[in-house]
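Presented below are the structures under discussion, each in the form of structure tokens.
Two complexes, one shared chain (subunit A), two partners (subunit B, subunit C).
What follows is the complex of A and B.
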């Protein structure tokens, strides 16, 4: 789910969700209601963002710039623009994830163990990006409590996976009580071991809607590593050519 | 008293050698039996010593050429976790280190290398392979790389071209002019994919290299893996007569300041240590084989003694001393052993010389073994190995004859003559 949260602020809204949900959810907060608001707050019809990923590990800190374009709950195209990774692209739809490298004549479909590899050497794995970004389809929520975290009042939801086709069988999500954006997400293995932690901050507005401008990701299986995503420019509901989300377009 | 006196003084003018030679010829079939046992031992030892000598020689060449050089410079942390392919634990500014090594008077030639993991996806099947980044200009002097090519040419520097191991190419249906795409993990642990053109097919003397590797220009490999000028190791071959252990020790002070370590090939490669172990096992087996052969000598000598008991008694009655009797049987055994060893060494050396030319193909046995053992072993017979085998066989035969000879010396002439 790590990358889903990262990209969630850039993701397409399923238009039907937003208008109907808020009132009911605010009056009587339920786990399902909060989760619906969370999905809605992170979903956009179209989104285009320019961002920098700062990766800190044993090699030091390096920066990678990329452009992210998304549509609805499933489609994402990431194109790296930094000199070291220039031309590399990642295309994701609801079922598959493809990589394009400028030195390769074939587009690569990632599957199996390869999905666990790190994206651009960061704390985010390709597996984090797979599947739909609508959590309600994959998780059953349970409302634990309301608490203040990182200075923001948040609902703590515990999500248990309904299916095995998700990266993490269990998650804890702290949802901002005011904006319904995520404040922190902790993802666990089936054994209960903490695998990944995401913290969200720098709330800003884009297209009249709030979004988290900074995400800090830590892969808890690594020591001394950290990945920070800083969104410099975010545009929502902008026209995006649907062709860019096709496999044929990937190698162009 | 008289008898004791004669035995104490011995038989004047006795020629033990002549008597022993006559006795050898008295029962030719039995002598032939003893000699044939010694011949088999001598032939086996002669071949075995040459075989292992040849294998060690070729293993040393393979280790020095493809794995460790005479001296290998690498990051010690990389060695410890090499199974994880930690490309970030390399030799920073590899070119500078190569030049430093090249400038040393003891260095004959030095090369930088990068070894990395990769996989080739064919449908749902993923084939794990190993890529090797080589400086082909320097490799010409270091490994005579062009001589390894069975088809095509070396990759051009800076081109997306590779030479593929012969067996790997056959498995993937690749040949010169073909292409394939591999995926690898870069120095910063990111995935990267590359499509390369096959410009050459190589047959390496190390099966693991032919079965699972492709080689590309080190400049391109550095670019693909984002190595930032670093390499994984620098290998050096030394001028003749230079000691690898001493040289490595001498270089280590300078290398330590760069966080690197220089190690001699005998210490840095497991294959050679394994070979030493196998040789020790073979030497033990050689001794066992010699002991087995000695039992034949003991048996036949014992039979001779039982048959010639009356004669032994007569010799004793005539005044032959115990020591002379022992010496006589010892000389008999040595004469037989020399004959057997001569025949055995001739056969063993003949077979060894033939196999030294054709080689013994161990390719099938070495498949899947990621060590530097050669696929074709050419036994290396030397005067020393042949002489060692012959000496061991003669010594064992001589020593084996001592026990029955000693028993013969204890026979009382009176008892023997009465029987």
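What follows is the complex of A and C.
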């Protein structure tokens, strides 16, 4: 076999393999590129999941079940199904967040500082739900280094907010180098004080795409508490009636 | 959650209610049966479902389903079609003769939910009050259906028109409950029998029309049919007694705008209202309404009233500190204080909060400071009548140490002279309560 033949075979082999190669290997690891892939990895045309939120503090653990439905980068509807919070809903779109309390049949629009309130007594605030899939629009990324964290090789991005309309002026995000899913997120106040830490684990496949099946959240302003989200059932790219992201459905 | 105890008991309908509920609950459980093959953690029997089946989901597009590792050692609290919420109170309060009196009693709410499909749902909520006897009432009993993009609601339910926690001049349909309790988590939650048509006008706008027929006098009817001596004759209401109202709700430029009108044929009045809510440094809201008699369609404006409020909260420690101030003004109302005659009938039940007379004056104010964290809720609330310079102040704390279990304590007192809205010397002029609440 001559050199030309060997070259042809190698090129053909590369061409055949290339579609299966991870996109990560094909792109230069720029900070902006990684951030774009992070947003994309967490955005689905539609997503429906059933999950349990476990809130642990010094008194023990409380569990709350909910159903999460999402569309694109902005729209999310959460409906609690456990007895104590049954029927309560949270609707979020790109601009606003609404709560629905079925007992009073009352819709409440959360704005401003009220978004910092804890969601169902957890370590998660309502504003933590906003902007997690649109970081590229709101933050300027800086690539720090590549390191292994929780057994996963990850890029560390430091994000500085472009606008004041975000929950945290600074974030550190460890992005899985293979899946571009978040591995860990640390959110800071303007003073540099660490406010919140999120760890992501239990990667599984949903609709052919990797998905973090477990998220552990710690509010660093509280002592001895943590909130764990366990996604029991995930469906992606399933038909979801667009009307569920409306005020009518929220108050249904 | 702490709720107001019932003041109106309908003991005579208890048997009928339970018969109806038994049938309702049986149907609800049957409809909510778990589908075969549903994914369950080992050893856990799930007795209800949380969502309606996705009727529109096409069968030919089965998405990948991820069933994550289950925490099989933990008990999952799936929603059941029946939810029970029970409060137990121990109360010490000022009695009619000025001495301290004590009482203990409980209240409960049994909520029976039924959701046959994603476009039909029903709920019956029975309220019970129990001491050395029990009485029952219906807080909610309704069915909702979505047909051709329009939502129909029939039955007894609650809702909010206008804006305002305590003072809401825009709530022309439900109004402010006469038995509002400053120590309760929900200060006022009146409900009404109605038929409603709700038409969405885009994702965050809608129009709604409601018809409010008088409540059927069931207890009087039953008493009459049973031959109870001196039973009152059930009052028959004509079509002219059906009140109706309509409103439009929208959100232009991020500001919630609502406007509507109530027609009361019995009173021969129209009551238009408008309400706005938005944010400028803090949450702001304003509502206004006026009652226009048929014989004075332009109105003298003497019944005009306006309420407004401001709310702001900040992170404080491990929780959130919130501050709310509301006020209501009736410019053509009574600005001169005069003694308010006491109601001849004392409250039938001791309530956790202090009692007051109906406020007849032109100006009223409400203030609230709260701090809440994951497990704690502390509040200080006050109602103030600037015309007679009397006030009611309530403070309390709620602690939620376990899921579905809450303990609470509150004190409430009036500060006012004889004949004032918040008269110190009236029955229930001060009150202290401790209690607990379970939800399961």
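Convention: the second predicted complex is superposed on the first by the 223 of 252 C-alpha atoms of A that agree within 3 Å, B and C clash if a C-alpha of one lies under 4 Å from a C-alpha of the other, contacts with A are read in each partner's own complex, and residues count from 1 in each chain.
Here is the rule we go by: a contact is a pair of C-beta atoms (placed from the backbone, for glycine too) under 8 Å apart; a residue touches a chain by one contact, two chains touch by 3 or more.
The structure displayed is predicted, hence computed values, not measured ones.
Visitor: After the overlay on subunit A, what do you see for subunit B versus subunit C, clash or fit?
Guide: In the superposition, subunit B runs into subunit C.
Visitor: Taking the superposition on A as described, I'd like to know which of subunit B and subunit C A:55 touches: first, second, both or neither.
Guide: both
Visitor: Which partner does A:119 contact after superposing on A: first (subunit B), second (subunit C), both, neither?
Guide: first
Visitor: So in the superposed three-chain picture, is A:192 touching just subunit B, just subunit C, both, or none of them (first/second/both/neither)?
Guide: Neither subunit B nor subunit C is touched by A:192.
Visitor: Applying the touch criterion given at the start, work out whether A:84 contacts subunit B, subunit C, both or neither, answering first, second, both or neither.
Guide: both
Visitor: In this superposition, which partner touches a larger number of subunit A residues, subunit B or subunit C?
Guide: In the superposed model, C touches more residues of subunit A.
Visitor: Taking the superposition on A as described, I'd like to know which of subunit B and subunit C A:235 touches: first, second, both or neither.
Guide: Second partner only.
Visitor: Which partner does A:99 reach: the first (subunit B), the second (subunit C), both, or neither?
Guide: first
Visitor: Could you pull out which residues of subunit A sit against subunit B in one structure and against subunit C in the other?
Guide: 55, 57, 59, 62, 84, 103-106, 112, 114, 117-118, 121
Visitor: Spell out the residues on subunit B that touch subunit A in their complex, using ranges where they run on.
Guide: Residues in contact with subunit A: 88, 121, 126, 160, 179, 181, 183, 185-195, 224, 226.
Visitor: Hey, which residues of subunit A end up touching subunit B in the complex?
Guide: 55, 57-59, 62, 84-85, 99, 101, 103-106, 108, 110, 112, 114, 117-121, 126
Visitor: Can you name the residues of subunit A that touch subunit C in the complex?
Guide: 50, 52, 54-55, 57, 59-65, 67, 79, 81-84, 86-87, 95-96, 103-107, 109, 111-114, 116-118, 121-122, 202, 204-208, 211, 213-214, 219, 221-223, 225, 230-239, 241, 245-248, 252
Visitor: Help me check something: in the complex, which residues belonging to subunit C touch subunit A?
Guide: 1, 39, 50-51, 56-58, 61, 63-71, 74-80, 83, 113, 121, 144, 146, 151, 157-160, 186, 189, 198, 200, 203-206, 254, 256, 277, 279, 282-283, 311-315, 317-320, 372-375, 400-404, 439-440
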